Amino acid sequence: METLSIDNVKDFLTKMNEVAASNKDYLIELDSKMGDGDLGLTMAAVFAALDDFASSYEDEDIGGLLMKGGMAMAKAAPSTMGTLMATGFMRGGKAVKGSTGLGVSEIAAFWKAFVEGIMDRGKSKPGEKTIIDALYPAAESFEASAAAGEALPVASAKAKTAAEHGRDSTVGIVAQHGRAAYYQEKSKEIQDPGATMGAILVGTFVDFITEL
Amino acid sequence: MKKFLNKPEKFVDEMIEGIMAAHSDKLKYVNDDLRCVCTATGREGKVGIATGGGSGHLPLFLGYVGDGMLDGCSVGGVFQSPSAEQMFEVTKEIDRGAGVLYIYGNYGGDIMNFDMAAEMADMEDIKVLQVVAGEDVASSKKGEEHKRRGVAGIFFVYKIAGACADDLKSLEEVKRVADKVCANVRTMGVALSPCIVPEVGKPSFQIEDGEMEIGMGIHGEPGIEKGPLKPADEVVETMLNAILVDLPYERGAEVAVLMNGLGATPKEELYVMYRKVAEILKAKGISVFHVYAGEFATSMEMAGASISLLKLDDELKKYLSRPAYTPFFEQVQL
Amino acid sequence: MKKFLNKPEKFVDEMIEGIMAAHSDKLKYVNDDLRCVCTATGREGKVGIATGGGSGHLPLFLGYVGDGMLDGCSVGGVFQSPSAEQMFEVTKEIDRGAGVLYIYGNYGGDIMNFDMAAEMADMEDIKVLQVVAGEDVASSKKGEEHKRRGVAGIFFVYKIAGACADDLKSLEEVKRVADKVCANVRTMGVALSPCIVPEVGKPSFQIEDGEMEIGMGIHGEPGIEKGPLKPADEVVETMLNAILVDLPYERGAEVAVLMNGLGATPKEELYVMYRKVAEILKAKGISVFHVYAGEFATSMEMAGASISLLKLDDELKKYLSRPAYTPFFEQVQL
Amino acid sequence: METLSIDNVKDFLTKMNEVAASNKDYLIELDSKMGDGDLGLTMAAVFAALDDFASSYEDEDIGGLLMKGGMAMAKAAPSTMGTLMATGFMRGGKAVKGSTGLGVSEIAAFWKAFVEGIMDRGKSKPGEKTIIDALYPAAESFEASAAAGEALPVASAKAKTAAEHGRDSTVGIVAQHGRAAYYQEKSKEIQDPGATMGAILVGTFVDFITEL
């Protein structure tokens, strides 16, 4: 399978909704260490809103689905990650506006715009102990695969590994954004909750593709 | 925690309900969302000015919505940003075809959400420009002004931009004037005691007995000088000198001064401090156009104060002097 | 004691110097006595209104000297009466031939000294009448109203008598209106924490952790109910009901409400309280003409609040609605 | 010696100034128990002002001297007792306005008006643990002596005793005025500082007369 149809995308969003829900407590616990502990709740809320929106989406423009879906997510939860996720889908969707099927290059474009949207919104860049650290390498990897003309399954596997490495790399660096930043040195040993969520997102996407 | 409240989690909503019960003649909700408030009567063709931010800082932010100042405000939980969605709802409500200017403080969450709201507004063809106020000289060194926190000085931005919009000036013009205020205002604060976020129930930071912290932020962000409480005159000297060299404010300059109480500090002490401020400014040949003293940007029951200086030119003076009338701030023509 | 001050014994003088430095365009000293302050510009043929009392209660008393309110004020040490001599000096300064009305709170020292000042004025043929405000329902039971302490409600007496004098009414007429306000205003307070008189250096009374004292006076005079801090709604019910039965305020009455913070209590909490006040008044069929919320009569950094209700008729409404403009209080025509 | 000349009165005021000064610390200590400890200072200040005024007084109307002297005292000290003492002299002086010599009946009239002025100003009456408790009996005694046509020395001796008894009677009653009233029951066992000052005033006056 080389391209995702709009139904594939909707199915992925449904699966992502389930995954976010099942990771709720884990994320709450993680965010409680140096945040306000709401991450699990926000993620469950935004992905429920996204899935909900998708199921009622009539049009066949995948870009429009993801973009407007992002708007729906924004309404669902105010906290940082809610806004950032929403931004990612809005920008990612914009990037593939008009496409009725997503191949490797569209997928690469989607993730690229997704992570850049977050960097832009969060005034952040890789290496600052945020979700970026998981998403940026994944987007880069998809881009490289697209350039090298690799098949979707291959590209996906690489992207997942990249995201996991990125997530792990947040251990050992001091937080520079959000509440965790207040803890300075103390924040060093903790794995960034946002990056963890980023890896879950990419991972779920990739698993979905490979299971197709 | 000794506060007049019912359930901590209802604190913000009940506060807003109280404000609305008292001032429904001036304020209204935007589609029944308690956290979205705007003036009861908008004005066609006028640039709308929206602000927003966390609760616990009254009169900030909601308190400056009114005649001659702001048109709308989204209200977050205590020390938390409102959602982009709420900002967007306020934006739609107050847009009168002339566009909307966002004026808010330089805090990550607020920036993120206002940017997001602006993007949403853009998708619905509402013209939005933004002004981010950050004038706390203690929060970042010179050269890194863009990292500075927005504190009490934002009052001047609201007051002047509000008067400018009231003159039916264009969105670009109102933004230009607001930016000019940001460029010419500086603030420095000092804290004597912490405050308690109702839902947390205990102070989220400490100031030891007999100690003060100069430069501490209104959410307890670390300051620049921690130590034993000094005589008021010395405290004022430290604060004011840091402000004066930063812009800098030079001999011959004319300024407006804002003596702001953080909450528990009584007006008596603000005036004891102002006495020294006036003395120093006089010695430096800086003249004072007007003095505001009271609670303009607070942290609930936190004890402490901040001093803000705005360097004036004829344009800023003209707009600062205009009357304004909100449930929390009234000024006759100066 | 954590306060912004220099020497405790200089606290009051330096505070006044600060106020004068900030507002010299509106206020001036009476023959260079820091403790005797009056408006910068008097008005011929207008009845002069003088007040006076101890320091530590800003905006009381000095803060209400200005357009549409008071003409002069004598300022005592923290919680101490000014001298008869100072009151007399202010009297001479503000008399414009139409006589002078004294309006002050019901406290022994103040009464004694104002009586004395009136006697001195009489010896110099200055016509003086007096109005003593006492509306704290917690300070004496019904039937002994003359023993009640004067607290925040005196703001209404100042505002309305000031507007009446501004209309160039006669001394007797201004007194009549002021007495009418006194007869129709009631207040009840609650305290959460004590305050510190600078020269004493430690609290002169205590309120235990987690405790409140309903009815406590602004100098720490004992209240009527001491106990664990209750939810805001319950506290308001206790206070407001005591007020309502006292006058009594009945169904169909129209009132002005004053939600007063004692110092450390933030506006957020005042509005959480007002929410309940509005609910109760609505249920009782009492309509609210206007709400004032903020710090009108304080005890420095004391945490607490008071609720005042003024029953209005057309005359009181007319004068309450008039604009007023002092360095501490501004109101546009309501 | 049956009548006091204006010079006698001035000499008395000078003596009273000395006595107030020499009792300063004693009164401070007494007032510190349940007051703010300023009584010694105020009394020294007001009687210095009175003596000072008297020495520059040209006219021979004793009433005018005492009345205007009271005004001078009022300017000298704000505290309760300062105002009350000033009031006493103002009212007492008014009562003997025009007299160039004081006999028993004038002296009785003076003290009567003196104490009534204080009662009026202080909204107080005998038995409330104030200066009244010392002055009222003394005034009564002078009045009785005047009615009985007793000679000044006799009348004086009686008045002094009356004042001292009155002062002592303040021990055992609860204060109802001034700062001491805040202490309620606790104020009972303390001798009232104001009454003490009242007895000093009358005592000094009487001693002065008998030494003439």
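Which chain is which? They are A, B, C and D, in the order written, and residues in each are numbered from 1.
FYI, a residue touches a chain if its C-beta (ideal position, glycine included) is under 8 Å from a C-beta of that chain, and two chains touch if they have at least 3 such contacts.
The shown structure was predicted, so the numbers you read here are calculated from the model rather than taken from an experiment.
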item	value
Per Cα centroids, the chain farthest from chain B	D
Geometric centre distance via CA averages, chain D-chain A, whole Å	90
Centroid spacing, where centroids are CA-atom means, of chain A and chain C in whole angstrom	60
Centre-of-Cα separation between chain C and chain B, whole angstrom	29
Contacts with two or more other chains, residues of chain C listed in rising order	none
Multi-chain contact sites of chain A, meaning residues that touch two or more partners	none
Contact graph of the chains (line, ring, star, complete, other)	line
Complete list of chain pairs which touch one another	A-B, B-C, C-D
For the chain B and chain C complex, residues of the former touching the latter	2-6, 11, 14-19, 21-23, 55-56, 58-59, 63, 192-193, 210, 212, 229, 231-233, 235, 257, 259, 263-275, 278-279, 291, 293-295, 298, 300-301, 303, 305, 323, 325, 328, 330-332
Complex contacts: residues of chain C adjacent to chain D	76, 80-86, 108-109, 111-113, 115-116, 119-120, 123, 221
Contact footprint of chain B on chain A as seen in their complex	71, 74-75, 77-78, 80, 82-84, 86-87, 90, 121-123, 177-178, 182
